[in-house]
Structure formats: structure tokens, C-alpha cells
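Following are the structures in question.
Each of the next two complexes has subunit A plus one more chain, namely subunit B in the first and subunit C in the second.
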Partner chain A sequence: MAEVRIEGLTKYFGDTCAVNQLNLVVRDGDLVVLLGPSGCGKTTTMRCVAGLERPTYGDIYIGDTRVNDLEPRERDVALVFQSYALYPHFTAFDNIAYPLRLRKTPKDEMERRVRDVAEMLGITHTLDRPPGLCSGGEQQRIALGRAIVREPVVFLMDEPLSNIDALLRVYMRAEIKRLQHELGTTMIYVTHDQVEGMTMADQIAVMNEGALQQLGTPSEIYDLPSNNFVARFVGSTPMNFIPGVLQKENGKTVHKSDQFIIPVSAEMAGRAAELCPSGQCTLGVRPEEIRFTTDDEGDNQARVFLLEPLGSETILDIEKEGLLLKVKDVASTQVREGDNLSLSFNRFHLFDDNTGAAIR
Partner chain B sequence: MTVQQTVRPLPGQGANSPASQPPPPQGMWSELFSFRDNRLGVMLIIPSLLTLILVQFYPIVYNFWLILTSEKGEWIGLANLSRLTRDTIFHGALIFSLKMGIVVVPMCLLVGLGLALLVHSDYAGRKAIWISILIIPLMVSEIVAGMMWKIMYHPTLGLVNVPLSALGLEPIIWLVKADTAFIALCVVEIWRISPLAFLLLYAGLNQVPRDIYEAAAVDGATRWRAFWDMTLPYIRPMFSIATILVFVWSTRTIGTIAATTQGGPGRATWNLSWYIYGMSFQRLKPHYASAAVLVMLLMTYIAGTIFVRYLWVERRSR
Partner chain C sequence: MAQTDVSETTTNEPVPQDVVMAAQGRRLNLRKLLVVIVLYLAAFWTLVPMYWVAISSIKSLRDLAHIPPRFFPTDPRLDAWVTIFERRILENVYNSLVVSTLATIICLIIAVPAAYAATRMRLPFKFVAIVVGLMGLVALLPPIASAIPLFLLGSDLGIIDEKYTLIILYTVLNTAFAVWVLRGTFMDVPMDVEEAALMDGDTRFGAVRRILLPLIFPSLFSIAILLFIFNWNEYIIALYFVNSMKTMTLPIAIQAQIPQHELDWGVVSAAGTIAVFPVLVAAFTLQRFLVRGLTFGVASGQ
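Presenting the complex of A and B:
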């Protein structure tokens, strides 16, 4: 068990910069999710930690050891691949036993540990089969078993759930989280699925274009996004963005857009004046933070354009003068398409249009 | 591992299994004819099936007829075969063929595997260029290859003797002594056939998914260990195909011998093909030669079966 420290990691592939000066500390025993869209450098970062890629610049420490020049086998990390990378010519047993076999573990101990892991993962019945004859979920568990059987200091998981069906994925992500808690091993988990990230992580590192955007707990990432990229990326129904400008009206600061006039608290206005003197900023509001009434009065009127019922809640698509907002209706009010609603904005964020950074 | 956990079934497993299942299909033919498209397909392959029977099976049957009759066309039973067992020239040829196979097959596989690994490695730049250079020997006909090497083995003009004379050694007259002629022929065959092994094994290497090497590296395998545990088992089927083909090519060779030693010195480099050729077309005993053909066929068949049986193992047992 060990802490993983990444200092100034930069990785070039030819002229393409895949990871740009990344600093990240994964505390001992933490589950950190690297979250970001495809091509954001999260997998490259993980491969650098595993030793499958050499950093162009920067250092990686596992525990107190600088591992830059160590071969993958010398780092004592376990990696679960997106493709599982099971050995097709071995049985499931041999797949799981392989790391132990390489470490010359005595035969009876190896047998016992493989059986223990298989039992823990519920794949005892597959042990005599080659992976090709196992289902996707079983293959995924075999890959997981191969990783945990040798008790490494760090687990690395590269989108391990992206190839299995939705139902099993929900089940397995809880399973992996439980395993990690029980084993207490440091884990770096790469995914582009923000729901997976939010549900599993102790800490989330959001990445984009090779750079770290924000590191924080899931609730910090969700409630206090550091910039508009994080705000846009996190949240299963994405945040609404309303471009506009901060203005004084009747002595109070408001965010004025083509569609809405939204009052801004004095505290926020003060910081905005300091951080974003131009006043050009985009207002971001989560779908569940928009309140609505069916009155015809109020400043911010808009028309319901489409209903998206999800069972437990309904997403209202609201349109006003070319701007589309998504509003979450958890109370299942009897709103119908074409109704006019009066909106109020409960909690929102302001993002500087020049830098994209949150004004806070 | 200290953590213990009860087994939980995967979601969707166990439950909802159908109460009764339809009966399994009734065999290959009903399957084959259950679709109209299949029926058409079967009819379309009948002509090629007939052609195959004509060109493949007719000669074999005809060969048996030749064996069982004398040169005058009289039925003599197994006399041709029993004569073979007493024919020392035939024994020599058979042993020479096997000896050549024993030397040439491993060497070709070794050279082919080495070349395949080199070309497959990250260090080989333009792979297509390497491949097209390396398979040139495959495109040269046996006779031409033999002629070319005959010149190379020439005592005074040959390229092979140049380094020897540069070192002040006596030139070796390769094709005149039995043991050197054997070595010389083996070298020609290795030069000629290892590109075949290279090509097959290179194709095999390309089938190995990259990620299992990475998994092995993370699991703790050295490159050498990964080669033994991942590469070799993975290319095993290709290896057995290459072994069979190289064996067949090297034992049946005739053009090389015709162009270099003509079976000489004496009968030292007679192999089975050369023996059969000599029997049928020089001594004009095709019926007797057919018996030797049968032996050659059996030898290839047995060797092929052994190679498939012991090399073509799909997965390692525990």
C-alpha cells in the first residue's frame, strides 16, 4: 500500500502533447478517479504510472520510490485493462495464477489464493475454462481477480466496465468500490463516465486536453466546479449555460442575458467585480436548481418545449428565444408541453467568459 | 488474501430460465438443408467437389493400382512393397530424406522465427520492404536456386570459398564429398525454405494482441518469460503448420539435387524424390517407383500427424 505522487508529468507522442504538466497526489488507500472525455490524457497518465509509457518530463513516485526508470514488473502495481487483456491460451485459473506463478509462489498457496479470489468474485465455476468461453462479466471478474490475487501496492483500472452491459456495470462498480474499501489498496480508476466517477471516487481528478482541471471530492466537483469545462462535464443531465453580462439595475447587480434577468447576490457581485472586471460571464445552473411556477407573472417566463419523463423525475426542456434549458421536475407537477412557466434560479455559478474559470 | 465474501450470482443469472427448451437440431444434413440458400450453396459446390475427386483421389487410387501390378500389368499383390524392404538404394534414399528433414526443419523454423521476431519488432522500420526482400528465395524456382548455389560452391570461383581462401585455408570442394555435399544441400534448402517459415510465423506474431504483453509486463513477466508464456503458445498453431510445410518441402525436394549433385557423389545424395524420379523415368519402372511414392506419402502423413498432435495445442493445461 502506498501513496502515488505525480509531479509535473508531461507526455508527448511525436508532436502531440497527451499529458501536460500534471501534478496529482493519490493518498494511501484512496480511490481516485481520473475523469475526462476521450483523448484527455487520463489513460496515458495511468500507463505512465504502470510503466507502459515513459514520461517525457516529470516524475512519478510510488511510496517513496521514484519509479520513472523501473520496469512495469518492478513497480508492484496491478492493471485492469479496458479490453481485460486476458491470456486467451490459459484457463481462467491460469490467468489469475499467472502473477503468482511469476513470483514462484508455492503451488498449494497459489491454488488456495486463486480459489479464495475466485470465490470472492463469484467465478469459481469458470476456473477451468479459457476466457473465450466466459461471458463479458465473467471475463471482467477474471481480470479483476488477476489484479487482486497478488496484493499489489496500487491498483490501476483503465475503464474496466466500459465493455459490459448497463445493468452489470451498475452492479460491478459498487463491487469494485467495496473491494477497494475492504482491501484498503490505493486505486487509480480511469473512466469517461461521470456517473461511474461520481459514485466510486474518494477524489475525482477531472482532466481535459492533457491538463488537470480540478481535483476534489465528488460533491466538491459537482457543487463547486472550478471552471466551465468541469461544470459541463459532470452531471448526468448537464448544467445549463446562459451567456450574458453583469449589470447594475436599481442599485442591484443582475446577470442580464437576451432571455433572462437574474439577480446576483451582493457577495457574488463583489467577487465578480474583482475577478471579472469586464462583467462578461456565463451563468451556469444545474437542472435541479431551477424552480418554476405555472404563474403567468414574473420576469423570467419561458415555454415548455418537450417533456422527458424518466420515471422518478421528469426533465422539462424549456425554450426561450433560441436558448434551451433543461429543468428537473422531481415533484411530478402536471406540466404539459406548451405551458408557460415562471422560472427562478436558486443556486448558480458564474464563469468568466475569457478564462472559463468559476467566479467564486 | 484475508477478505472473504459469499458468492453472489451475477444479475440476470439463474433466474428467468425457460421452462422447456426446443429439441436440439437433428444433425448436419438437416441443418445444411434447412434453408433454401444453403441448398443452392450445396449444389454450387458439387462441381468443385467432383473436380477435387478427379484430380486428388483418382491419382491416389491409380497409384495403388500401379503398386499392385507389375510393369507388364500383371497382378502381383504386395510384391513391389516387399521388394522395397530389400532395396538398399531405397533405404539410403529414405534415410537421406529423413536426415535432411531432421537438419532442415529445425533450422528453417529457427531462422524463420528469428527473422519474424526481428521484422515484427519495433526496431524494423519499413516492414513491407523487409518482407519483400526476405521472401525472394520463395519466388526463385528450385532449379534456379540450385544452379545459383552450384556456382557459389564452385571450388575456385564460388563465393562460399572466398572467405576460406582469404584466411589462407584450402578451398573445400563442397559437392564432391558425401558429408560436405550433405551440408551444402542442407544450406541450400534452409536458404530456400526458411522464408516460408518466416512468412507463416510473422503472420502468427501479428495475431498476438499487444495488450497481453502489457498485461504480462505488469503482472511481472520479463520479456524472455513473456516470449515463452505468450508468444510461443499463441503462435503454436502457425508453428505446426510451418513445421509440416517445411518438412514436406525439404523431404520432397528434387530440383535442388538435379541442379547441384545429381544424386552424387555415387548415390550419397539420393533422396526419395530423386529415387522415385530415377526409378520411373530412367530405369522405367513406374510400378515399382509407385511403391516408394506410397512410402513417401505415409512418411509425410505420419510426420504431419505427429506435428499437429504435439504442437497444435490450443491452450495449455494446468
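Presenting the complex of A and C:
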């Protein structure tokens, strides 16, 4: 078990910069999710930790050892591939036993450990079969078993759930999290699925264009996004963005857009004056933080043009002068399409239009 | 009543599934039949000459000279076979076996690492493209174009009429082809599987030996047999480099059965039959492996 420390990691492929000056510390025993869209450098970062790629610049430490010049086999990290990368010409047993075989583990101990792991993962019945004859979920577990059996210091997971169907994925992500808790082994988990990230992680590292955008707990990432990229990327119904400008009206600061006038607290206004003197900023608000009443009067009127019922809640699609807002209605009020609503904005964020950074 | 029944089935209900299937099945069967006919024709076309050579080796002289040609010998005899063994054809078989086998093995020993490097080592793309392109060019070069310069080189070095010279030349001439084919095979194996082996604690060499090569074994075996057949059949280079019984390979030996004056087709046919036999065996083995190569699932999970 060990801490993983990434210092100033930069990786070029030819002229393309895949990872740019990344600093990240994964604490011992933590499950850190590298989250970001495809091409953001998350997989490259993980492959550098694995030893499958060499960093162009920067250092990687596992525990106290600088591992830059170590071969993958000298690092004692296990990797679960997106494709599982099982050995098709071995049985499931031999797949799981392979790392132990390479370490010249005695036969009876190997047998025992493989069976223990298979039992833990519920795949004892597949052990005699080649992976080609196992279901997707079973193959996934065999790949996990192969990683777990040798008790590595760090687990690396490269989108391990993206090839199994949606229902199984919900179970498997809980299972991986449980396994990680039980084993207490540091894990770096790469995914582009923000739900996976939110549900599994101790810490989420959001990446974009090769750079770390924010590192924090899932609730920090959700409630206090550090910039508009993080705000946009996290949240299954995306955050609403309203471009506008901060203005003084009657001695109070408001966020004025073409559609709405939204009062801003004095505290926030003070920081905005300091951080974003131009006042040009976009207001971001989560769908569940927009309150609405069905009266025809009042400020910030807008019309519902579509309902998206999800069972436990309904998403109201609201339109005003070319601006679309998604509002979560958890109380299942009797709003209908075409109704006019009066909106109020409960908790929101302001993002500087020039830098994209949150004003906080 | 019957009237309404009919209208019901035609308008309201969709055409029953089994009717549709039967119609499709009929069309498929017709296509299948055509394919089978074409295949039989092709097989006939290919096999008749072999059959002809084989029966010619046991025909009497009268049968051989008979017009119209006789497809079944009326008076079979083994004279030609006795003659061909008296002329020590087995020594030629031995020469061919040694040269073909060794040239094949050495060729693969060189080509496997070369193809691996070309696909897996992340060499600069242009470099690989140029080297592999040149190799393709060499593979396409007709052997006669290089035979004479090679002969001059060989006689300067004094290595004409040696088996090892043939082995070296066959190795060199086939390596480019082998690298080409192996490169395609390696590219079909996902990088992941090898990387998984590295992560599991294997060395690069170990990953190739324990994971990559077993995975491509059917293809590797097919390529080996192809190379063997190339070497076994090679004539042009051998023509220049063989001077005596010591090195004479089968194709040259067959040609040597054709003297200036009386031509015994029976003897030539017997030699030809001997030459074809190992190729036939190889082809049957190859076929089994080709079928296996196609169904052997390398990609997993998707």
C-alpha cells in the first residue's frame, strides 16, 4: 500500500501535449477518480503511473520511490484494462494465476489464492473455462481477479465498466468500491462517466485538455466547482448557464442578462468586484436550485415548453427569449406544458467570462 | 366463409414468419448450390493435373502414347518407380527437406523479431514505412532478376554447389515476405493483451513468448508452411547454384530426368509425384490451421 505522487507530469506525443504540468497526490488507501472527457489526458496519466508510458517531464513517486525509470513489473501496480485484455488462450484460472506464476509462487499457495479471489468475486464456476466462453460480467470479474490476486500496492482502473451493460454497471461500481474498501489499497480509477466518478470516489480529479481542473471530494466538486468546465461536466442534468453582466441597481448588485435580473448577495458582489472588475460573468445554477411558483406575476417569468418525467422527478424545460433552462421538479407539482412560471434562483455560481474561473 | 379467411390472412395478418424464412431459405440454397458447383469445378481443375501425373507414373508406354489419352491405366506397372529410386531420388528428397526446413526456420527466426519491432516498438512512422515498403519491393522482385548477380557473387566467394548457400539465399529471399505477412498478424493482436502481461509482471520478451506467440500460433504455423512450400518448389535459384548430386534439390532432379534423346514420361511423372506429395500433406495441415486461425477469438470483451 502506498501513496502516489505525481509532480509536474508532462507528456508529449510528437507535438501533441497530452498531459500538461499535472500535480496530484493520491493518499494511501484513497480511491481517486480521474474524470474528464475523452482526450483529456486521464488515461495517459494513468499509463504513466503504470509504466506503459514514459513521462516527457515530471516525476512519479509510488511510496517513497521515484518510479520514472522502472519497468511496469518493477512497480508492483495492477491495471484493469477497458477491454479486460484477458489472455484468450488461458483458462480463467490461468488468467488469474498468471501474475503469481511469474512470481514463482508455490503451487499450493497459488491454487489457494486464486480460489479465494474467485470466491470473493463469485466466479469459481468459470475457472476452468477460457474467457471467450464467459459472459461480459464474468470477464470483467476475471480481469479484476487477476489484478487483486497479487496484492499490488496500487490498483489502476482504465474505464473498466464501459463495456458492460448499464444495469450490471450499477452493481459493479458498488462492488469495485466495496473491494477497494475491504482491501484498503490505493486506487486510481479513470472514467469519463461523471456518475461513476461521483458514486465511487473519495477524491475526484477533474481533467480537461491535459490539465487538472479541480481536485476534491465529490460534494466539493458538485457544490463548489472551481470553474465553468467542472460545473458543466459534473451533474447528470447539466448546470444551467446564463450569460450576463453584474450591475448596481438601487444600491444592490444584480446579475443582469437579456432574460433575467437576479439579485446577488452583498458578500458575493464584493468578491466579484475584486476578482472580476469588468463584471462580465456567467451565472451557473443547478437544476435543483431553481425554485418556481405558478403565479403569472412576479419577477423572472418564463414558459415551460417541455416536460421530461423521470418517475421520481420531472425535468421542466423552460424557455425564455432563446435561453433554455432545465429545472428539476422533485415535488411533482402539476405544471403543464405552456404554463408560465415565476423563477427564483436559490444557490448559484458566478464564472468570470474571461478566465472561466469561479468567483468565490 | 373461405373467402373471408383468405382476405383476413392477406390483409390483416402479416405474412407468417416461416413463409418468409422458407422463401429466403430457397434463395440462399440456390446461391449455396452455385457456390458448391463453382468450388467443385475449381477443385476438378486443380486436381486433374495431379491425378494425371500420378497415373502417368504407373502407365505402360503404350498407355502413355495412346491417343486419345487414357484416364485409367490399362496395364499398370512400377518400372518408372524402380528407375527413379535407382537414380537415387531419395537423396534429392533429403536435400530438399534439409534446405527447405532450415531456410524456413531461419527465416522465421529473423522475421518474427523484425515484424514485432515494426509493429510494437513505436519507431518513427516514416522509418517503418520506408523499410517495410522496401521489403515489399524485394518480395515482389522476380527471382530471375537476382539469380544472375547472386550467381556471380556466389562464384566469386566460391560457395556455389553448397547446401548452406541455398539455405542462405532462400532465407534472404523470403524474409521480406514473411515480415510483411507477420506484421499484419501482429497488428491484429490488441496491444492491451501484451501490456496486461507487462503489468502482471512479465518482461517484454516473456510477454511475447508466453502471450503474443501462442496467440498467433495458427498464423505463424500457416506462414511457416507457406515458406516451406516456396522453398520446396524453388527452381530458378537452384538451377544456378546446383552443380552436383550433393546439392541437387527435387525441382532440379525432376528436370534432370528429361534427357536429350529418349524421354521417359513415366520416370518424370514418378519424380513429380514424389515432389507433390509433401506439398499435399502441408496443404491439408495448413487448411486445418487456417480454419482454426479464423475462429480463434483474440479480441475479448467487446
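FYI, the second predicted complex is superposed on the first by the 360 of 360 C-alpha atoms of A that agree within 3 Å, B and C clash if a C-alpha of one lies under 4 Å from a C-alpha of the other, contacts with A are read in each partner's own complex, and residues count from 1 in each chain.
The rule is short, and it goes like this: a contact is a pair of C-beta atoms (placed from the backbone, for glycine too) under 8 Å apart; a residue touches a chain by one contact, two chains touch by 3 or more.
Here the structure is a predicted model, which means the values were calculated and not measured.
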* Put subunit B and subunit C onto subunit A via the superposition and say whether they clash or fit. => clash
* Give one of first, second, both or neither to describe whether A:15 is in contact with subunit B, with subunit C, with both, or with none. => neither
* With the two structures laid over each other on chain A, which partner does A:321 touch: subunit B (first), subunit C (second), both, or neither? -> neither
* **subunit B or subunit C, by number of subunit A residues touched** => B
* Contacts of A:167 with subunit B and subunit C, given as first, second, both or neither -> first
* To do: In the overlay, answer first, second, both or neither for which of subunit B and subunit C A:83 touches.
  => both
* Have a look at where A:183 lands relative to subunit B and subunit C in the superposition and call it first, second, both or neither. => first
* Asked: In the superposed arrangement, which partner chain does A:124 touch: subunit B (first), subunit C (second), both, or neither?
  -> first
* Where does A:91 make contact in the superposed view: on subunit B (first), on subunit C (second), on both, or on neither? -> first
* Determine, under the contact definition given at the top, whether A:113 touches first (subunit B), second (subunit C), both, or neither. => first
* Asked: Who does A:64 touch here: subunit B (first), subunit C (second), both, or neither?
  -> neither
* Asked: Following superposition on chain A, which residues of subunit A contact subunit B and also contact subunit C?
  -> 50-52, 71-73, 77-79, 81, 83, 85-89, 98-99, 102-103, 146, 150
* Report the residues of subunit C in contact with subunit A in the complex, numbered from low to high. => 190, 192-193, 195-203, 206, 211, 214-215, 296-302
* Asked: Touching subunit B in the complex: which residues of subunit A?
  -> 50-52, 71-73, 77-79, 81, 83, 85-91, 93-94, 98-99, 102-103, 113, 116-117, 119-120, 122, 124, 130, 135, 137-138, 146, 148-151, 167-168, 171, 179, 182-183
* So in the complex, which bits of subunit A are touching subunit C? -> 50-52, 71-73, 77-79, 81-89, 98-99, 102-103, 131-132, 136, 139-140, 146, 150, 163
* State the interface residues of subunit B toward subunit A in the complex, per the touch definition above. => 1, 3-5, 7-12, 209, 211-212, 214-222, 225, 229-230, 233-234, 236, 314-318
